[in-house]
Every structure is written in C-alpha cells, then in structure tokens.
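My questions will all concern the structure given below.
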Amino acid sequence: MHKGRLEAFSDGVIAIIITIMVLEMKVPHGEDWATLVPLLPVFVSYILSFANVGIYWNNHHHLLQAAKHVDGRVLWANLHLLFWLSLMPFVTGWMGENHFAPIPVALYGIDLLMSGIAYYLLVHALLAVNGQDSALARAIGKDFKGRISVAVYVVAIALAFVRAEISMALYVAVAIMWFVPDRRIERTIRD
Amino acid sequence: MHKGRLEAFSDGVIAIIITIMVLEMKVPHGEDWATLVPLLPVFVSYILSFANVGIYWNNHHHLLQAAKHVDGRVLWANLHLLFWLSLMPFVTGWMGENHFAPIPVALYGIDLLMSGIAYYLLVHALLAVNGQDSALARAIGKDFKGRISVAVYVVAIALAFVRAEISMALYVAVAIMWFVPDRRIERTIRD
Amino acid sequence: MHKGRLEAFSDGVIAIIITIMVLEMKVPHGEDWATLVPLLPVFVSYILSFANVGIYWNNHHHLLQAAKHVDGRVLWANLHLLFWLSLMPFVTGWMGENHFAPIPVALYGIDLLMSGIAYYLLVHALLAVNGQDSALARAIGKDFKGRISVAVYVVAIALAFVRAEISMALYVAVAIMWFVPDRRIERTIRD
Amino acid sequence: MHKGRLEAFSDGVIAIIITIMVLEMKVPHGEDWATLVPLLPVFVSYILSFANVGIYWNNHHHLLQAAKHVDGRVLWANLHLLFWLSLMPFVTGWMGENHFAPIPVALYGIDLLMSGIAYYLLVHALLAVNGQDSALARAIGKDFKGRISVAVYVVAIALAFVRAEISMALYVAVAIMWFVPDRRIERTIRD
C-alpha cells in the first residue's frame, strides 16, 4: 500500500479543518473597533486551535516520513485521528463564544485528549506494520511528549471546573512543548 | 490518461465532504452540558456519515490502486459517485436535526443507495478499460460486499417507514461490514 | 516552471467549488417530503452546476495534460478562470432560490460566459508558450466546442428575458455537448 | 525533509482560503438587479482579495521552487504566513459589508501587512537553510518588492483614517506591482 495518497488525503482534511475554523469568526455588523471586541475570545481560541492543528500536521508529516509501510489498520487509525481533529472547529467556536467558561474549556480539552490518544494509536499502528526495530521505532523512542500531553490534558480537563484559566495555560504549555518538531525523528532519518 | 490527478481530485472532494459535515453541527448558545444535548442526534449522524465517507475513501483508494488504466467513462463515473457523496452533508444534517424521523432516515438511505450504485458503476467502468482478466478484475471477484450493501439499503429504506431504528441498525451493520478494507484486492496486488 | 503544482492548486480550488455549492442547499426545518419541495429548484441548479464544474475539471485535466510548458501568463490565465468558477456557488444559489427567474438565469449565463472566455484565454496562453506546432495546438484544432459554447451562452443570456426556460435548455444543451471529453486531444496524446 | 508535502499543504490551505471568501457574498433575497447593488462593495473586496491571495500562491510557488531544502523553522514560518492569509476572508467580509469604512479598510491593510511580514520571515527561514550563496539567495536578491509592499501597507493603514479611498488605491497598486511573477527567481532557475 502506498502512503502518498494517505498523506494527500490527510493534508486535505487538515487544511480544511485549519481554514474553516475562521468561519466561526462571524463578520460583525458595525464598523468601529468596539465591534471587534466581543470577537476577541473567539480570535484567541482560533489562534490556539490553529497552532494545535498546525502542530498535528507538522508531527503527522514527520511521522509518515519516518514510516516505510502503511496497512489497512493505519488507514483507520488515521481516519480516527482526523475525526477528532474535525471536531476542533466546533469546540473552538463553543469555547470562544462562551468566553472560556468551564464546560466549553473542558470540552475543548476532551477533544485535544481524544486527538492525543488517536495520535498515539496511529503511532502504534505504524509501529506494528513497520516493526519494533525500524527507523520509525528508533525515531519515536519512548514518545515522551505524547505521554506527557495526554496526562496534562487529563489534569487540565479536571481543573477547568476549578479555574478555566489554569486549563488554558496548560493547553498553551502543551502547544509550546510540541512547537519544536520531533528532532529525534528528523535526526534518525538523516542518519 | 493518468490516474494520479483523478485520485488527487477525488481526495480533495472527499476530504471537503467529510470535513464540512461538521459545519451542520452549529455552535449552540449557552455554556452548560444541557446545551449540547439537542446536538446529540446531529453528532450521531455525523459519526455515521464520517465512517461512511471514510469507507468510500478507503475503498476508492484500494480500487484505483488496483486499476492500471482510466478513460473518459471512468472520469464521469467517478464524478457521478462524488455527486452522491456530496449530498451526504445535506442528508446527514436533515436526519440529525429531525432526530431520526422516518422520511429523513429513508432519504439518508437513498443517498447511501445511490452512492452504492455509483460505486458499482465506477467499478464496472474500470473493469471495461482494464479488462476482465486484469489484476483489478481478479481482485474484485464477485463484488459480494457491493451487492449486499445495495440490497440492504433497499430494505432499510422501506423499513424506515415501519421503524427507523431498524434502518439505522442496518446502516451501521453495512458500515461495519465495509470497515475491513477489501483484502482480496490488497492480496492480489501483493502477489 | 513545473505544471504539477498548477494542476494541484486548480484541483483543490475546483474540488472546493464543486463541494461548497451543496452548502447553498440549507437543511430545512420539518421532517416530511413537503419540506423538501421548495428546495427542488435549488437542487436542480446544483445538479447543473455540478455538471458544469465537473466538465471544466475534465477539460482542464485534458488541456494541461496535452501541455508541456507553463509560464507566468498561464498561471494568471488559470487564476482568472478559477475566479469566474468560484462565483458558481453564488450564481447557482441565487438562480435556485428565485426559481429560475429571468435575471438570476441571465446572471448564471453571464458567469458561464465569462468562464468560457477565461478558458479560451487559458487555451491561448498555453498555445503561446507551447507553440502553434505543438501537440497541444494540433490537439485543440479549431476549438469548435469552445466557440460554440460562448455563442450559445450569449444567446441564452438575451433569451432569459424572453423565456428563462429556453436559456435553461440551452445551458443543459451546452453541458451535454461538453460531456464527451475532447477526443481530439486524447487521440493526439496517444499518437 | 521533503518540500513536496509542504507545498501540497500550502496549496490546500490557500485554495480553501481563496474559495471560501465567496461564502461571504450571501445569496440575496429578491430576483432583480437592484438586489445585487448592496453586494457590490463585497464583490469588489472579493476581487481584491482573490488577486492578493492569488499573488501569494504565485510567489509561494516560485519561492519554494527555487528552494532546495526546508527544515522545521521553514514549516513554522510557512504556517505563520498561512495564519495571516486565513484571516483574509474575515477582513474582506468586514471591509465589504461596511462599504470601505476607515477602520475596516485599516484592518484589511493590517492583515496584508502581517502577511507581508510573514512572507519576509519565510523567505529568511528559507535563506537560512539554503545558504546565502544558494540559487534561492541570488534569485531573491534585495527583495525590493517585499520591502516596498510592507512600507506601502504601513502608509495605507495610516491614511485609512484620512481618506480610505487612498488606502484602497495603494492596496490595488501593490497588487499590480506583484502581478508580474518574480522574473529574477525564474531567470536564475533557468540559468
């Protein structure tokens, strides 16, 4: 099975997700700066989600590049990841429109958590077909960042009901942690 | 004629279809869990349609990979399939918003039925140009799953007017049946 | 300059145009067949536009395949064609919502006319860079169908103010004429 | 790292941006020409933004073609550019709906300015990985047009509060300046 079309389809879906999120920022009536103020939380949510989806694209790119083989299970694991990412525009819009209220912030975290788990399952589907001794396996190593993210998301979801600001800070922290592309994979490929 | 651009265009259209369906889940006003409850049927419809469109992408991927040649008739058969798939967001939204009422459930089945027939026509357009003795022909065999699906959809559409729950169960059953990628095709390609 | 990315970008834009048109068919409130009746003209417009945009993709596919070289002028001529095609969702929605009233039917024809002219300009930009003796030039020949289409659209636009049904019949007739991919191009490529 | 998927993803995002802008032109109720008059400013904004996004695609195409290598920093610089471009539908819609009022015209300029700066950062991220002596570096030269654009946008944003028509004229002027693809890059590649 050829991984090229899997990448192309994922690129298409991720490109659409990252772009249609902006449709949640409805063009306001009125022509002064004050009109834009109520949109600020929606805009902040948009930036965070743009960064998160961008990170997923980036990591997906590195992951698939390190992989040699894909099979049916990988296709489904990939679709499963795209499913949770496709809900990002919805949870982003709900969080933004409600000015980071506890439940929308928690739901946003749940979508991030499910995406993180889906990514983890995709990594393992790829390992199953590429082998535990493959360049991919060496590149991923112990997948420290993946495990940390999932743990932090669980904490952030719980804390949303105490103080949503802490959850937001944790979401941002995870994003910053991922911002650096996975050097281990890049390094191994180059070797 | 080169099949690459046919795949790329189909990937694009299917990626957009699978992603814009989420736009039917309108961001609700209000910030508690109760606000999300009315969206539940829309969400369930979305999951089912995401799975169905994902299955079509998956099968399309396998089908085109087994094919060596495409011609004008294949291009049109492919566009015809994309047409019925493009109606998925509409029938999904209508079924979800009406909480699986009989007629929307039947219309959803009609779109699945027409997509199934269009896929069947695409398979036969591909067979016509690749030959009855091609790897593709051997891979497809008697197309058991394709025939079964169309038959089940016809039954499900009729039963929607008796009990829509049965139709839904049948749609889910067909989806599960397709979930496994067509091993026959994969196997033949590998040989 | 490489034509691959020009094709990829055009595929993306055309795939989005053909798919977002379905968003003009707003999911109606109500769960019986009667609810769908007012949508019928929008659906008929959608079918016609899906066919028209599909024809453009098909011809674009054949045209670019016959071309060896592209330059800056071709890029702009291509964007110009995509511009007029991008208005298809708008003119389709307006025509459908107004049940084929004269002015919306005329505007629909104007968009088809401008797309036809833009396609003609793209053909000539491609001829300019590929040469009048190229395989492309031989393949296009006198571009009979292109000239006929533009002439018929002009007549159809004028007749919209007499009887919009005649214009609609002419739009359908042109679509049927184009339905067959340009055999001349295909034949020359194969030689 | 392979630049092909970076191009494919950028093509996807830019194709979606350029196409969903048309969704801001809401299909009006009413069937005569007068109904379209209030849409005229939205349409004019759409043309300007279609041209601007088209120019970015065109320049991006030339830039990436001249580049041999991409790294993680380039990926992020590219996403950063796509972020500002993704706001084009929003600022375009706001400017059009408010008939080119000062603040919306200024905000439109701010998005153009940020996109220009992001493009500049992308160029420099590409130079960093391809080397100051690369074909890319020679092709870009002093990046006269990039510097001019940013300067003109700053002036246009300020002047929006004096006379928004002047700002619009400046936006159009910059677009015309960019219309010609960067011959320097093309020339160097051909050598």
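By letter and in written order, the chains are A, B, C and D; residue numbering begins at 1 in each of them.
The criterion applied here is as follows: a contact is a pair of C-beta atoms (placed from the backbone, for glycine too) under 8 Å apart; a residue touches a chain by one contact, two chains touch by 3 or more.
Note that the structure is predicted; figures quoted are calculated from it, not measured.
Taking the mean of C-alpha positions as each chain's centre, the chain lying farthest from the centre of chain B is D.
Under half of the residue numbers at the interface between copies chain C and chain D are found on both sides, making the touching surfaces mostly different.
The rotation relating chain B to chain C, fitted on Cα atoms, comes to 90°, given as a multiple of 5.
Chain centres here are Cα averages; for chain C and chain D they lie 26 Å apart. Rounded to whole angstrom, the centroid-to-centroid distance between chain A and chain C, based on C-alpha atoms, equals 37 Å. Taken residue by residue, chain A touches two or more other chains at 8, 12, 15-16, 20, 23, whereas all remaining positions touch fewer. On the side of chain C, the complex with chain B involves touching residues 7-8, 11-12, 14-16, 18-20, 22-23, 25, 27-33, 36, 47, 50, 54, 57-58, 61, 65, 179-181, 186.
Chain B contributes residues 1-2, 5, 8-9, 12-13, 15-17, 20, 23-24, 72, 75-76, 79, 82-83, 86-87, 89-90, 93-94, 97-98, 101-104, 107 to its touches with chain C in the complex.
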